[in-house]
Structures are given as structure tokens and as C-alpha cells.
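You will see two complexes here that share chain A, one where it goes with chain B and one where it goes with chain C.
Moving on, here comes the complex of A and B:
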């Protein structure tokens, strides 16, 4: 009996050790210092009260209100394991100023997905962006919502309302559950809440920020609903001529559940999705750690490129996080510029957000604010 | 929600069976194995993982 108790005690010790790691990352507080442009912080449950108190009742930072114009919604963290999406949203919320129209920013659109990671994929639990004041740590996150918040998964995920059969784990995939439904899973309710918000706030453009592995053909591109095809094509030409190469893809009509398809179909908004390259996600990657996540440098992915297996170029310089964040901010700014030229009465004039070259020159961390130096009333936590 | 509760009950029942086996077996190797198997069940029951 003494031996049994000893072994049980050792097991309990292991469980406490493992449990503490999971608990700490799920409860890591990520500060957002409200920039001077933030007029209001809303929560998603304001548009769908059933989400009140749930993990996915995320913060929505509203910039502008001075001069009437158009409205844009920027979704970061649809897939939290794609960090340039959240970081670009963070940079915009902490720095952006709006002269006309309104900008809604959700850095953690699928907050449940930020609170879990993929130990089986050797993912790190968190990563730190160096800043002039030390560094800011973010949760690594995963592609899917946490099973602690939505469980169990079905054998097959049947998308609502199309009834298209999708992979079972995509029942927790925020970007396969659009347009959602009020009595569905947590992920479906979250999508439904955003659809309600888009309708209520009369949002003109929705931009869903993502990253992709280099072995995935939809990369370095703007995926556009047909309502936004012209805008995306023009933006692609302007950006490719002035800053970096970016393509355009039409949103497939037969592939259901994705934001670029369903938001455009279900609302009046133009729906776009941006993809930047993230070698961390490639199946042929080597050591999977925070360094790979932030530098995007991996000799095995480079080797795959030499064998013609990739849809985007890569060399030993990799795809650093600053390049990826800069691509996101520059693409958004160019899209807004072109939209505003074409729709002066619905213009959205966003400024003080760094563009591609500036993010690369100064680093993403230069645009993250020190919470210790900020007024506590101007801090929110993700 | 009902299915989720049923799954948690299944996890609790399985964890109980594993603990029962720990006390039933006479081999220390099996005791150690059962304890390792038990950990993910406990972490899910405690809503940690």
C-alpha cells in the first residue's frame, strides 16, 4: 500500500506540474494599451447577449467617430497560431487614428483558440516580441477553439446552413463556421455574433487576417468575395508595384464556412481575407519553436523550396515576423485608400499605422506600447 | 451541453476505473503505467487541458 501511495503521489506531482503550465498559459494576460484613436471598447456580446460571460466575448476596439464615413471590421486571431494577424491588429489598435469613418478591430476574434496550443505539434506555449521597454509576451494559440470550451467533436462536421461535410475538428475552426447560428456551438455562436455586428454597424468591409504555410497554394494573396474583386485586384497591382508582391484569389462559391465567402453572402459587406507566408506552419519544418515562429527561418522548408514543393519563395533570410506584420498593415492601408477614393461618402481615413517598410525598419515591437507607462484606465486585456 | 456533460461523466468514470486498477494490480510497473494514463483524464476533469 505504501508503494501505491508513493506512485500515486508521484503521479499527482506530475499532474500538478503539467496542469500549472496549461493553467498559466490559458490565463496569461495580454495587455492592449488603448491608442489615442480608440473612441470606445465594445464587447462581442453587445451584439449577441448569449455570448456574455463566455470565453469568446472578445474585445472590439472602435477607432474614430469624428466624421461620418464608412466602417471597416478587422479580424485578428481567427486562427491564433498565425501571429502576424493578431500583432497587426494590436499595432492598429495601439497606434491608429481615424479622420473619417470608423475602424472596428478584434485582435482575438476567436479568443478560445488563443488559450490553447498544440503540444502534439511541439508548439511553444507563448512567444515574446522584443520592444524598446523589454518585450511583450503573447499566447501562441492554435488553429481551433479549445476543447475546454467546446467538446466533444463530431465524427463529421456538417456546416450550417449548407450541410457541406467538413473535417471533424473544423467544428472548432472559426474560419469554417461562418455565418454561424444562434443556437449552435460556441464557434458558430461567435460567427453569428460577428454577423449581427456587421449588420447592425453597417460595416462596409471585413478583412480577416491570416497566415499560411508555403506548401499551401493560397498564399501571399488577397482572397476576395466577388463584391470586392475589383478592390482587391487594384490593391494587388498598387502594392505589387510599390511594396511587395501580393496576388488575388476569387473566393470559391462551393467552399463553405469561410469568412470571405459567407460574410459577403450573408451581409452587405465586402469580405476579404489576407494571407502572409508562415514557414512555422509547413509540415516539413524542423525544430518547432518560438524562434522559428518569429524568424521564419528553416533550412528544411528552404530545401523543400529548392525541390519545387512550395508556392512562395524562401531563402535563408526566411519570413521574419516584421515582414509579415508589415504586409498585413500595408495591405489594409492600401485597401482603405483605394476604397476611400472610390467611395468618398463612405471613406475610411486611417493614419499613424506603420506601413511595410517602417515595420521592417523599426520592428513590430517599436509599435507596441508599454503597459507599465500607460494610464491603467487605458489598458484592456485580451 | 448535455453531450458535453455526458462526456465529462465518461471521463470521470474512466478515471475511477483507472484508480481502481491501481489498487487492484500487484505489479508496480502496472501501477506506474496506470498513473501516467490517469493524468490526461484528471487534467480534463479539472478543466486544465
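Moving on, here comes the complex of A and C:
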């Protein structure tokens, strides 16, 4: 009996310590200091009231509106375990200025997924980006929405409306549930709300930011719906000539549920998806910690590369977070430049967002604002 | 220190931790926990409470499937349904050895296929099938071998194959397309096993066998047995046919619904709480294994040990990897049980996938080899369970020798599936 009580007490102690850790991360407040370009902060539920009060009722930062033009939506955090996507969105929301058109930014498009880490994955609970004023801590997040918010998973996930069979856990995958439906799961409702928003705001371009393991063939590329194929190809040529190599791929018509396919099919918007390399996601990775997440340096992944098992190069320098964030911001800026040249009446002129070389030179943290020094009225929390 | 060196040292510490725990006669699941804790300490992570708890939840959904499916099977057994089926099959087919063998093989395949656990097959129908085989003149060692081998194949058979599910989850691969690649070899090998080992059997002595088998209660009939299965399959089919109208239930609730129907139709009054308590008690070592395997995998990932194993495996020459599967898979199962799937299965599938082989067929091939390790010490849980259930008094070695021929067949078929995975890709239709 004593032994049982002892084991129970140890279990309770473990549950309390771990539970506090989970609670703190789920409720960690991530500040966004509204940049001078932010004209308005909306919430997703404004486009689909059923989401109001739910974990996925995320903030949408709206930049611009000074001069009529086109509109772009930037989705960060579709898969929150891909941090350059959220960070690039953050940097744009805190620094961007818009001379023409409007820029909608969702740094935490799949907010439920930011509040959980993957069982078995040994992810760090959070990571801190060094800044001139100390550092800013972000939730690590996972690929899928938290089972605390959407559970149970079905025996097999059948995509709406194509009926394509997908892995059961992908029922919680934000980038497999497009275009969503109003009476579906939380993830499907979230996608549906974004589709409503894209239609209502007459959004011209949607860019979904992602990162990929180096063992995944779709990497360092722009995946484009056929409506955006020319734009993506041109951007790929310009960027590869001036900054870094980036490919372009057509969105497969047979693979359903992904933003680059479904948004383009369901709305008038051009849908694009960006992938940067993230060695942290590779299954051959070594020690799993925030350092690997931010430096992208891993001896085992380098070994896999030497054996020709990867689809992107890697050496001792790895893939630091600043390189990855810079790739995201530069690609977006180039796409907008090219779009604006081609569509002067729907131009989107975004400025004051750092490009690739500048992010690498100064570090991502240089573009994150100190919430302590900001006007509290200009702070929102993710 | 290089990552390879540090991960190797941590791995050595974990192996030592496991060995010491075993020497101290701790169970396999506690030995895995000990290895994880030693690994965390050696890796400089201290006592990582968050990682331990998070890892423990890795296979929560699978544990729930396991519990509800086994509860369903146990209720069916307690209601007298299993005894009814076995007696009816025996009465109807006792003169036709071949037909009886086919029916017994199917009977052995069903519980494990539905629950993913060979132990459930052994516990639910193993004893009764062994009784019939005994009255057909088969020695107990051979009867035990038949029950054990087919129980292992039943665990690998669809719809619930834990090795395939755990490995697929580890590489973000859908558990889709496995039905035929698992079903066909499992059924064929089960039939081969019972026919080869039962070659010298005679037609069953009906009177003697019926006298020893448990009685089926009055009022039991085929409808009462079929109805819970019909509910199970109806709910699965409804979820697939009308996915946007039927609420998501999940397999645990579907199994629970089948269990409720079993209770409602049982001619015997069932002590549900007692049966549920016994079910959980019966499954405790297996749930413990899944929980501790989750913790172990989490700590191995945290410290880089999983990466070391993965990179070592994926950089080995392919032919060596494939030709050594017959040793590495059963041995990893003997040490880690299902924990072998995420630890060894994940890098193997990554390797096969990278080399453009078909990962579904390859994983299905591996999944039928893995259960053979359940007869090998140090764990040998299902092997020993079978020997006890069948009442084999001879040495464990004699039981192992009886398993040898079907084991070789399984290994050959599994290895060929891996080798020719690309050519067999047409099987991955659903």
C-alpha cells in the first residue's frame, strides 16, 4: 500500500510540474507591436462569427488603405512548427508601410497549433529570438491543431469537398483542410473563415508561408496555382539571379486540401506557397532543441546530405533562422514588385520590410519591436 | 565533442540503464522508462518532466483503441459468443479437416486484427482453438505454435496494425493503403501455418472436444454475435460514406458502441465493471509498454539518440539492411516490443522512401516480421502467454522449434515484400 501511495504521489508531482509547463506555454502572451503601417487589427471571426471565442479566432493585421490598389493576404503559422513563417509575418506587421493597396497579415493563422508541441517529437516548448532589447519568446507549436481543441481524429480523414482520403491526423492539419466548410471541424471552419475573408476583401494574392525538412522534395521553392504560375516563375528567376536560389513548382491538381490548390480554385485570388529549408524537421536530426531550431546546424543531417538523401544542400553553416526569415520576406517583396508592375491598378506597394541581405546582416531580432517601450494601445497579443 | 560521439555515449548509457533494470528484474516497460531517465540524465536534460509526460501521451489514441477493442472482445467471450462460434464450427466441420483449419485460422485472425494485439487473440480464442487441435491429435507444442504464429499475424493484420500505425505516424505517412498489403500475406501465411503444422492431424474427436470446450449459454445465436460486428462495420462505413454528415466518432467510440450492443444482446447477465476492470488489468503491461515506449522515443529524440540510429540505418548499404531484417526486426521487438516501430521502423521507412521504394508495401512486409520477436526473450510476453494458455508442459525451446518453419516462411515473405515493394504497389488501393 505504501508503495502505491508513493507511486501515486510521484505521478501527481510529475503531472503538476508538467501541467504547469503546458499551461504556461498555452497561455504565453506573444506581443505584436503595431507598426506605423498597421491601420486596423481585425479578427478572423469578423468574417465567420461562428469562430468568435474559439482558440482560432486569430488577429489579422491590416496595413495600408491610403491609396486604392490590390490586396494581399500573408498566412504565417499555418504550421507553427515552421518558425520563419510566423517570424516573417511578425516582422512585416511591426515594420511594414504600404503606399498603395492593402496587406493583410495573419501571423498565427492556425493558432491552436501554436499551443501544443508534438508528442514524441521532443520539441522545445518555446524559442527566443535575440533582440537589441533582450529577446522575444515565441511558442514552438506543432504541425497540427491541438487535440485539446479538436478531438477525436476519424479513422480516416476525408477531405471536403473532394472526398480524397488523407491521413487521420491531417484532420487537424490547417494546410489539408482548405477550402473548409462552415459546419466542419475547427480546422475546416478556420479555413472556411479565411476563404470568406478572401472573397469579402477581394484579395488578389494569398501567400502561405512554410518550411520543410531537407528530405522533402518540395523545398526552397514557390508552389503556385496555375493562376500564379507566371508570377512565380518570374519571381523565381529574379530572386535566383539577385539573391538566392529558389525554384517554382506547379500546384498538383490531384492533391487536395492544400492552400495553393484550394484557395486558387475556390476564390479569385492567386494562391502561392513558399517553402524554406528547416533541418529541425528532418527525421535524422540529432539533439532536438531551440538551438537546432534557430541555427539549422546538424551533423547528422549533413551526413544524410553527403549520402545524397536530401533535396537541398546543407553544410556546417546550416540554415540559420535569419537566412530563412530573409528568404520569406525577400520572396514576398519580389512577388509584390512583379505583381504591381503587371497590375498598376491593383498594385500593392509595401516598404520598410527588410530583405534577405538585411535580415542576415542585422538579425531577425533587429526588426522586432520592444513591447515595453511601445504605447500599450499599440500592442496586440497572439 | 561531435554529435555522433555524444549521442553514442548517451545510447550506451541508455542500454546500460535498460540492462541494469532487467537484471534487477524490472518489467520491460519499467526498464524502458529507466533507460529513458538515464538517457535524459546522460544527455544533460536532468529530469525533464514535460518531456516525460508529453512522451507518455504519444500513443494515447492507440491505447484507447486497444482498451475499447479488447473490452469488446472480452464482453463477447463472457457472453458466451466465442464458445458458441467455436462449438458450432466444430460440430459443423469436424469431419472436414481442411475446412475446419480454415475456420480456425479465421477465428484466430479476427480478435488480433480488430485490436492490434496478438495477446487478445491468445486470450480470447487461443485456448479453445488449442483444445480442438489437441483432439485432432496434434501435440501441444504444435498447437501452441499455431496459436502463437497466427496470433502474431492477426496483430499485423488490418484494420489495426500497431507496427504500421506507429511507424507511419513517425514519418507523417497516412495509415492508408495498408489494407490489402497486410491482409493478403497475413491470411495466406496463417493458412500455411495451420496446414503445415497440422499436416498430421486427424479429424477431430467431436464428443471429447465438446465435453472440454466451454458451454454456450442458452439463447445465444448467430444474430447476437453478428449484431455487434455489424454495428462496428456500419459505423466505420457510415463515416466513410457520409463523412460530412456523420459526426467524427473515432475508433475507440466505435468499438465502445459494439461493446454496448454485445452487452444489450448477451443472454447472460454481464458484470460489465468487473470485465472492464479485468480488461484493463490484462492490458496493463501492453499499455505500459506503449506509454513507456513513447517516453523512450521522446528522450531519444531529445538527446539525439534517435537521430544517431536513424542516420546509421539510412546510410547502410540497402542490400545489407533488407537481408538483415529477419534478425533486426524480431530482436528489436524482443527488446522494445512496439517501441521498435518508432525507433527502428521510422528510419527504415525513410530509407526505403528516399530510395524510391514503396513505403507502404515495405512497411507492411516489415509489420508481418515484427511479431515473431514476441516469442524471443527477454520479453517473450506473447510466447509465454501462449504456452500458459495452451497448457504446454514441455520446454519453451520445444515450442520455439515448432514455430521455426512458419517463422522462416513469414520472414521470407516479409523480406520479399520489402524487396519487391515497388512492383507490389498496386496493392495499396485502400
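As a working rule, the second predicted complex is superposed on the first by the 374 of 382 C-alpha atoms of A that agree within 3 Å, B and C clash if a C-alpha of one lies under 4 Å from a C-alpha of the other, contacts with A are read in each partner's own complex, and residues count from 1 in each chain.
By definition in this document, contacts are C-beta pairs under 8 Å (C-beta built on N, C-alpha and C of every residue); 3 or more make two chains touch, one makes a residue touch a chain.
What you are looking at is a predicted structure, and each value in this text was computed from that prediction instead of being measured.
Of the two partner chains placed around the shared chain by superposition, chain C is the only one that A:169 touches, whereas chain B remains out of contact. Of the two partner chains, neither chain B nor chain C is touched by A:50.
When the two complexes are overlaid on their common chain A, residue A:361 makes contact with neither chain B nor chain C.
Of the two partner chains, chain B is the only one touched by A:4; chain C is not. In the superposition on chain A, contact is made by A:121 with chain C only, not with chain B. Chain A has more of its residues touched by C than by the other of chain B and chain C. Of the two partner chains, chain B and chain C are each touched by A:152. In the superposition on chain A, A:23 makes contact with chain B only, not with chain C.
By the touch criterion stated above, A:298 is placed in contact with chain C alone, chain B being left untouched. In the three-chain superposition model, chain A touches both chain B and chain C at residues 14-15, 18-19, 22, 151-152. Taken in their complex, chain C has these residues touching chain A: 2-4, 6-7, 43, 49-55, 57-58, 60-61, 159, 168-176, 236, 239-240, 243-244, 248-254, 294, 297-299, 301-304, 307-308, 310-311, 314-315, 342, 346-347, 350, 354, 430. By the touch criterion stated above, chain A contacts chain C in their complex at residues 14-15, 17-19, 21-22, 117, 119-122, 125, 143, 151-156, 158, 160-161, 163, 165-171, 181, 184-185, 215, 283-289, 298-300, 303-304, 307, 309.
Across the complex, chain A meets chain B through its residues 3-4, 7-8, 10-11, 14-15, 18-19, 22-23, 26, 148, 151-152.
Listed in rising order, the residues of chain B touching chain A in the complex are 3-4, 7, 22-23, 28, 31-32, 35-36, 38-39, 42-43, 46-49.
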